[in-house]
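Pasting the structures here.
Here subunit A shows up in two complexes: once beside subunit B, once beside subunit C.
Here is the complex of A and B:
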């Protein structure tokens, strides 16, 4: 428990750093969003209108007052009003987009973690064999093929050259929304290519991480003891070595969520998928600052929650953490 | 070495087997005696040169770097200006065709490699420097310093990098490649700081550091003379990783339009190609050259990182020899009992 409480304290601290950065960055740069809107309207405003715009965007009063006001708004999930889809509140756009990103990232992370870990176990077990020497370098190289390039390749191959998959969007336009089979199939079909491109660039990391941790563990005495006791290879591999080697992977899984989200951003842009990346790109192009800032807060929160979940999972899987109470 | 030697399950000896000479054994195991030239190099360099992956990666990187350095001399056209009609097919006049705006793709590719590699190295270098400073201070001074610094290291690891960079870059109007490199360094130093802190903690209690402390050496001198030289492999590894991150993230940021659209880098080439719908209009030659360049550079750096990994962690390097040993034993009807 003490371990989890300490981690919780850390996550609160990290969250605080993130929202403070989010508050400071626009105020340190020359020209706050309100001024930029004023500039784009080319001075056709009366002074009281200018003040009203400043106030709406939280840029009036002393820095400290602005900060308190900012925190107060955050606590109520008030991310301001979207300048582009005026007068839609940013929060509703944000949660709509986040839902689709969650579909992509959830499916992609599960798949790439599963594939990577399985391949990692095999190549560590038969290290130096064909499987290991062939797949390990290839998978790790795939890891360095940025999402943009892989997504473009897949998109070109499977929607232009061989038009098997749809060109974009998350589902067919003329569907009745809801949980019926037709909708789910359409959503799954549209997600195949985006998910595949995220998986391709991310599973190599799990492969290599699992392989290297397992190779270091295979030389430990407890493995030799297990072998001496005459336990089956399968049992040693899965219950002794893999179970120990997977703990650090779970920790880095949570840390990698931020990276996977980055990949999803790019992929969504290529596949025109209505997730956070697509919306953020629109926000960047139209300088919709409230959305740009809100996506950082939402993503920070989700990454921190993922980390907390991995801590809980670690405590469940690792008896040492339960009794010791310190990491 | 003993821990990787196999326990050999014996089969009844066969009379017709004669003991092979050492030369035959080495040939069968695929081992070559080290040439005299190699033996003169320092140990780590020998390991690096004999590591095929590392050498391959370095070779690709070297080609790109030479092209980048020579870019102003060998670009056939000015990469910043129109050089012909839009979307001219690749041919004698334009080796890789022209872009939608009529700029020569080959010239842009060469010019882009300058910016992209520079940004990658700036990002990698600055991130390593920050990581080194933070990691060593946290590890060596300990106590409150360590607690505060470790908190910030963990925060920088846990915060999602790309969304944060998007916020930063969108408030900097038209970020130039150098600015992007620095922004990437500010978000990418966490990993090297963490590994270097761990390594410093391990070194701090070694005899030679204690001896230097007893002799009354100044702290900064101990850090520079005693601790730093023992961390070179971790510093190099961190630098390679941060550079990969820098090059890939720069391309990604510019691809979604956060860079300055007037600069010529691989990322902005992709951005313009995407905007011009190059693939839909059959102008593959506008989009694939920068894409392949990014992929090759990433792959080369990964290969180098592989080599650095194998040099710092001999257990990983040892796995490369297990395959030949296994085959060698199988031919003699024996089985290596690896656990």
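Here is the complex of A and C:
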């Protein structure tokens, strides 16, 4: 219990540092929203118009005043109004984008984990066999690919060269999303390429991790004992070895779930997918402080919560950790 | 087994998705994306320049007059049917169109125009665009606006200005009965569009797209062949070009590097035309050495291989500039080729001649480090800045840098992040910047932005006047142009301005950028093209001709 309390205190401290940095970093970046608008207008604005844009964004008060206001609003879950997508409340944009990111990155993480773990089990079980010697090097290679290249290649190949899949978006442009088959199919169809582009570069890591842990465990005495007892291969593989080997993978899964809300900005930008990564990138480019901050807080919270969850899980699952906490 | 099931599922999904895509729609809809956005928001404020203005200006809100920048004589009356410039050039009187109604049924009158001016005066942070006279600073031009009768307004000016109509004409009057109650126009989202133009009805709003549909009260509603403009959400160049390539967009004005291969070859309906647009110059910081030396600037200009810039650095999509006048050939009707011919040598690539100019002026390598130094012996080393990612201009400066190094000048390119690059413009903390020019229907505005001494105050430097060279002769000529209505005199003065630019070289002229223009004949025909160049064919905000182009299109019978 003391161990968990100490962890809780640590997370609270980390959260406070994070929200302070979160306030400072965007303000230390050069440039302000008004100069960014110029980008899209290359010289079509007069100076008084630029000043007007700057005023539209309402920068006022000292840094300290802004900080106090920021903390106050944070305590009330008020993220303010998006300056770039005026007059949309930042919270509504944020949750809209978070929803789509959960769909995209959530599906991709689940698929990567499922595919990677399954392949890891198989290649460890028959290590040196055809499956292992063929897929393990290929997956190592795929894992080393740059997401940007994969996303662009898939995008160019299957939307431009052979236009099978839609160019982008999360669903048909004129569809009002709802809980019905039409929405579901449209969303699934639009998610094929973006999800594939993430899965291709990420399932290899799960495969390797699972394979290595499995191989270590296969040399343990309890496996020999199980074999001696005459248990079926399938039972040994799935119930004895894989079940033990998956524990460290679950810890990493908890961490990557924490990072899901970071979005997949490359994939989202390439496929015009309305996720957090794309909105955050644009918010950074346009200095939409309220959005950047809200997104970073969301991300910080989800990472901390995921960490806390994995701590708690480990304490429950592993008695050794409990005694270490007391020492 | 599992794999087979997956394939079947995918195939079924594909078929279903295809079925959705072919939903019949009897309305004539044109799809354009005049501004990039990550998500649409319900803001239709015509003077919110962060994006909403791009959707409602011109199409919903009409100005008094639409200037035709390419063909100034062939301009378009809008809310006014005619105008007169006062004999003393100190007023402009507009005769407003009679019988015009706002889309909520209220009549449009002179009172709305007067209201808009007074509203602009009361809310100086709201960019309505009138050049309002400021007595304290003695800047600006329009002193007052008077309603002579219900359909006549007179703009009164501080000083004689024959060009004031170019500032007044494009302003969009606002309906007094709506805006008089709006106290904070900058932060007003204008949820209900009340305007006089052909498209005022917002429909089917979502973050992905919305439509701006026909105004039934528009005076020529019967002749409008397009039922709705649809604005799909697209967040960058790549997506806009992809969308028009695949036929998801009808009209685009986004940059494209290899139009023949990536775009035109994909469909016989995909067309493009890249007429010359704003010029590209090097802005030199003439407040410091070596750029304060005319001979040095001359040598720079002669050392640059503009052929490579046009053909290779900018992918062959730009157009050569022929004279060192700070602008390409956009104003070709104004260019007096005979008067400017003696300066053409400054635009000709001749590194040997450039070296000789430098040698003669004392720019030689004194400290033996392999680079030329200033005549006083201080070393020359400078940076030429372009934002990272502006590929054509990055290539350009790379070439320029190599050209300069060939003649012994240590000039390097730097690529700061965009924000930092913009932030440094007003400060004057720079050596060389690559820069666009401002276009208008007369070269006056281009040169006025470049040579107005008020724009040269460090701290508030304008990007056009970064060179900070005050040339009294040019200032006098520009003043003389706005003080006369005689076109012959104006042309003569413009030639004088151009000659002085060529003689002083405050900026180094490089080339003209293309006006990006891609269009699809899948749903509409009658687009302006090289043989039918009657108006600028671009659709971003600020190109007021865009509504005329849109209305001139013929829907393809389906």
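Here, the second predicted complex is superposed on the first by the 236 of 327 C-alpha atoms of A that agree within 3 Å, B and C clash if a C-alpha of one lies under 4 Å from a C-alpha of the other, contacts with A are read in each partner's own complex, and residues count from 1 in each chain.
We adopt the following convention: a residue touches a chain if its C-beta (ideal position, glycine included) is under 8 Å from a C-beta of that chain, and two chains touch if they have at least 3 such contacts.
A quick note: this is a predicted structure, and the numbers were derived from the prediction, not measured.
Chemist: Check the residue A:14 against both partner chains and state whether it touches subunit B (first), subunit C (second), both, or neither.
Modeler: In the superposed model, A:14 contacts subunit B only, not subunit C.
Chemist: Check whether A:287 is in contact with subunit B, with subunit C, with both or with neither, and answer first, second, both or neither.
Modeler: After superposition on chain A, A:287 lies in contact with both partners, subunit B and subunit C.
Chemist: Return first, second, both or neither, reflecting whether A:309 touches subunit B, subunit C, both chains, or no partner chain.
Modeler: neither
Chemist: Quick one: classify A:102 as touching subunit B (first), subunit C (second), both or neither.
Modeler: After superposing on A, A:102 lies clear of both subunit B and subunit C.
Chemist: So in the superposed three-chain picture, is A:279 touching just subunit B, just subunit C, both, or none of them (first/second/both/neither)?
Modeler: second
Chemist: Figure out whether A:269 sits in contact with subunit B (first) or subunit C (second), or with both, or with neither.
Modeler: After superposition on chain A, A:269 lies in contact with both partners, subunit B and subunit C.
Chemist: Tell me which partner A:128 touches in the superposition: subunit B (first), subunit C (second), both or neither.
Modeler: first
Chemist: By the touch definition at the top of the document, which applies to A:185: first (subunit B), second (subunit C), both, or neither?
Modeler: second
Chemist: According to the stated criteria, A:164 is in contact with first (subunit B), second (subunit C), both, or neither; which is it?
Modeler: It touches subunit C, and subunit B stays clear.
Chemist: Of all the subunit A residues, which ones make contact with subunit B and with subunit C?
Modeler: 29, 160, 269-270, 285, 287
Chemist: Applying the document's contact rule, which stretches of subunit C touch subunit A when the two form their complex?
Modeler: Residues 10, 13-14, 16-17, 20-21, 35-39, 41, 43, 48-51, 124-127, 129, 186-187, 189, 204, 206-209, 232-236, 238-239, 242-243, 245-246, 248, 262, 266, 278, 417-420, 422-423, 436-438, 455, 460, 462-464, 540-542.
Chemist: Would you tell me which residues of subunit B are touching subunit A in their complex?
Modeler: Residues 3-4, 53, 151-152, 154-155, 157-164, 166-168, 170-172, 244, 248-249, 251-252, 255-258, 270, 274, 279-280, 284, 287, 291, 294-295, 298-299, 301-303, 306, 309, 313, 315-316, 319-326, 338-339.
Chemist: Where on subunit A does subunit B make contact in their complex?
Modeler: Checking each residue of subunit A against subunit B gives 10-11, 13-14, 17-18, 21-22, 25-26, 29, 127-130, 132-133, 137, 140-141, 143-149, 152-153, 155-156, 160, 212, 215-216, 218-219, 223-224, 226-227, 236, 255, 257-259, 261-262, 265-266, 269-270, 277, 280-281, 284-285, 287, 289, 292-293, 295-296, 299-300, 303-304, 307.
Chemist: What residues of subunit A sit close enough to touch subunit C in their complex?
Modeler: Within the complex, subunit A touches subunit C at residues 29-32, 35-45, 47-49, 51-53, 55-56, 82, 84-88, 93, 96, 159-160, 163-164, 166-169, 171-176, 182, 185-186, 188-189, 192, 269-270, 272, 274, 278-279, 282, 285, 287.
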